[in-house]
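Next come two complexes built around subunit A: one with subunit B, the other with subunit C.
Here is the complex of A and B:
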């Protein structure tokens, strides 16, 4: 077995709001070997972004976490503040969503790309940082003159590329991409995906790719984990999860996207009725049962654990 | 790069030109308004000159001609505009000196007092606001927020009176008023110390009175910025908390504070009327209070024009500073 860059065991994360505790992630475990890629998918509110932020301990103060996260062999929750800062961006870096205000609006793109190199002393001087940021811009397909541009002068796709260049600044072992293609138009989305896939082929970069778009994941991720209500409900090799989904939720998610080359699926997209449950008020038993077309009586009482559902595949459903 | 830089600087130049033009228009409006206002208020300038004493009608008619009051409003208006540009604001009723000379001699005292207070209140208030926001809902936040709120909600002249009674009258630590000891012939360092001794209480009053606004505006502005994603990004990069705050949060949060500071400086000249009167500080504020008591209408007319011009000028300065600091301002 390859060396693990990330090992997550029984990670649970609870926010504390004015109206009570909100369990956003309820016991998630997975391993990520060097060079591997994992796609995390689910509807908004399923806890996937919370999970991403937890991997660098970026959750707001007062959030409760339990379980264990080993990043590059170090116990994340036992790190000192200095140790934590040393891990951030050099071991694991996050590609944030460019549509959001992930870039400081009053600093140039170049300055923000150079910043982590200078903080972590991965370059010897400001000049070296400039040279490296120019290389990074070239790498992500941005003209060097845009180093001097302010975020508002860039398009959505360009901002996303800046965020990717920024994440690569200190040559991290692990890249966590949190919805990097959301809110980009289809062509730009494809370009950004191709870029991420290319970066992975070139190096031993490990990747966690988070999205609500299942079809995107089969392109960049070897493994898929489908999340629902703060838990992984199905996981396995991408293609088999996508094509032979066993959990009714995965099937609904897969069916929600039209299949390219099959016009009938475009004409009759099958949606999933209802909304995902609020983390503060989960239904009893399997949290998916109120929306599940196959729900039985027993689904209302007991929440199933992950169980084998095919070669390398596991699902948390009593029907498999 | 050249293309963006050029279009950016062109955008900013256009923005600043627009603001300068707007300021000039406002100034013209103020000039006209100042004339109209005092034509409405001042029904009988000659009568107020003599304050009800018995004066022969022929003498009054002569004076009316001499002051140009028998001319039409248009002629009077053009004379007013012409003389304003010559910095001729007429003669003060009270001192019989040219209004302009009176104003010029009162400016240094006000600039010293209000300038010092404005700088101190801006610096201390902003730092307080930053601490309160960054440590929100802690005892520091509660102490700063409620403390500044108390001073902010107090009328400044009332606060001044309390300090005056407490520290000057009862304790006798500070002089009760004025800018220097009567008949003092001190020079050099002794003079400076004497001035500082006199300025302390009025400056403290104004600093405390303005502190709250800065602290509260900074706090709420920084709290807004603290919700921004780029701060999470900055933390994710491995920056120290204090670097995240000083490099990414505070500069962005201070943009509205810069505007506030510039606008407050606009009121520096006029804002201290009550406090200067309380401490008998011989500046523009006290001159205004004295002129109102008269009423010394030429003096008031001159002061109003000056105060308006100061507010307009510092507003312009605020806009220019904003365009300089925030790259997003482009011909907005």
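Here is the complex of A and C:
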């Protein structure tokens, strides 16, 4: 067994809104070994972004969490403010979607890449930070002259590269990427995915990659976890989950993006009736049952746990 | 058969920027044509020109009689074309939060002062868009319905005008994956039931595979490849189409060709073939010298809209 960079046990996260508690994550467990990658897929409201933010304790004040997160052997929820600062950026760093909003518009790209190094004292001097930021730009495929560019002078793909350079500034062990390619064009998305794959080959960087597009994950992730209504409903090696999905929801998600050239999807788009449930108002029993094409009576009353569904694969469905 | 709309050498320039730079294509009755391209390809500018929201610099957009823009007394085109309706990417942004679903769908009729049988027509448009029974939705506000239902309301607002041509700009890009298929299936249903034509602008080749009869691939203001969907997505000939297809995560059978850089600025369109600075075929060095020199000096020109399929590439014969 490889050393774990992350171990999550029965994590539950509840927001508190004016209209009552909103359980966004309802008991999620997984391990991530050093150098491994996990793809988290699901739709809006499934809890995937809440989960990502929780892994670095970036949730708003007043949010209730329970369960355990061990990051690089340390208990995340027991960390002091100083200990937490040290974990953010240096142990785990996060890349958000929408690169325009995540960058400061009045600072140069280079300045924003140097800042975490200076704050966390991973470099000894401003000069050293400059040298390192040039190396990082080279590593993410940006020309050095763009260190002096402001975010508005960069394209969407370049801004996303700046964010990745920033996340790598303090040489973290874990990179959390929350829909980093969603706003990008197809070709730019391919460039960014290739960059992330290359960064992982070069070092023992561990990766959590979050998206709603299952097919993207087969590129970047060794393991997949599909989330629905705050829980993992299927997990396993990414190719087997993608190709031999056993949970009806995973199957629908995989079919939503058709395989081009596959006659069965030609002029036959495939979708699910209804919408993903709202976290504050989950259906009884299996939360997927109102949309499930295979639902039976018993699905309305009991919520199934994850159970074996093939080699290394588990799914939370009574039909498995 | 005649076309619903026919574009002949359409140019839309903004100062020195040639956003649309000579596009000829027609949309046939009952056809779904997908205009595929990345940001900066000019696809959104082009669809706005077809809607009449964007003045063309030169060239011609000819509509069939029923889709003809109505000239307004003030000479403007403020009310757009009755027979051409448009739906946008983000249904939440497209709906007025303070109007009921009924008012939203009836708005087009009211603007045109077509008040006869209003309730019946609104009801029919809503049920056509899959919101049944329609009366249940009449008094509701956009925040009371789901994202997928909101996009159906947007579609109902377009269908109430009984258009011949529906323009759709990334109709499912902001929707959840599982809802996407339902909306695309609805679009196909509308074509089948009403004989409507759809011109859909997207960067999503899977969408084209799901619903389009023909695909036009745009690059830097031009259509560079045009033809039946099976052919364009099955045996693409233009190196740009081939590269795009190779990076779609849903295709695994092709070797990835990741192009360097991004679409150039439309103020500085490269000479020769506009794709040549990024062309993997040219860079591979396998082209005959006389072909390669044409690529860098001579514009292959727009594709022939009357051919069954066509690619604007010197290396394609």
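To be clear about the criterion, the second predicted complex is superposed on the first by the 312 of 320 C-alpha atoms of A that agree within 3 Å, B and C clash if a C-alpha of one lies under 4 Å from a C-alpha of the other, contacts with A are read in each partner's own complex, and residues count from 1 in each chain.
Keep this in mind: contacts are C-beta pairs under 8 Å (C-beta built on N, C-alpha and C of every residue); 3 or more make two chains touch, one makes a residue touch a chain.
Owing to the predicted nature of the structure, the values given are computational and were not obtained by experimental measurement.
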Fit-or-clash call for subunit B and subunit C when the two complexes are aligned on subunit A: fit
Which superposed partner A:116 touches (first subunit B, second subunit C, both, neither): first
Partner touching more residues of subunit A, whether subunit B or subunit C: C
First (subunit B), second (subunit C), both or neither touched by A:239: neither
Which of subunit B and subunit C A:186 touches, first, second, both or neither: second
Which of subunit B and subunit C A:219 touches, first, second, both or neither: second
First (subunit B), second (subunit C), both or neither touched by A:272: second
Touched partner set for A:102, first subunit B, second subunit C, both or neither: first
Smallest separation of CA atoms, subunit C relative to subunit B, angstrom: 15
Intersection of the subunit A residues that touch subunit B with those that touch subunit C: none
Residues of subunit B that touch subunit A when the two form their complex: 1, 4-5, 8, 228-230, 232-240, 243, 248, 251-252, 325-328
Parts of subunit A lying in touch with subunit C, wherever the complex brings them together: 43-44, 155-157, 185-191, 194, 212-216, 218-219, 249, 252-253, 255-261, 265-276, 291
Subunit C to subunit A touching residues, read off their complex: 38-39, 146-149, 176-185, 188, 203, 205-206, 209-211, 229-230, 233-234, 243-245, 247-251, 253, 256, 258-259, 262
Residue numbers on subunit A that touch subunit B, as the complex places them: 53, 56, 58, 85-90, 93-94, 96-97, 100-107, 115-116, 119-120, 145-146, 148-150, 152-153, 166
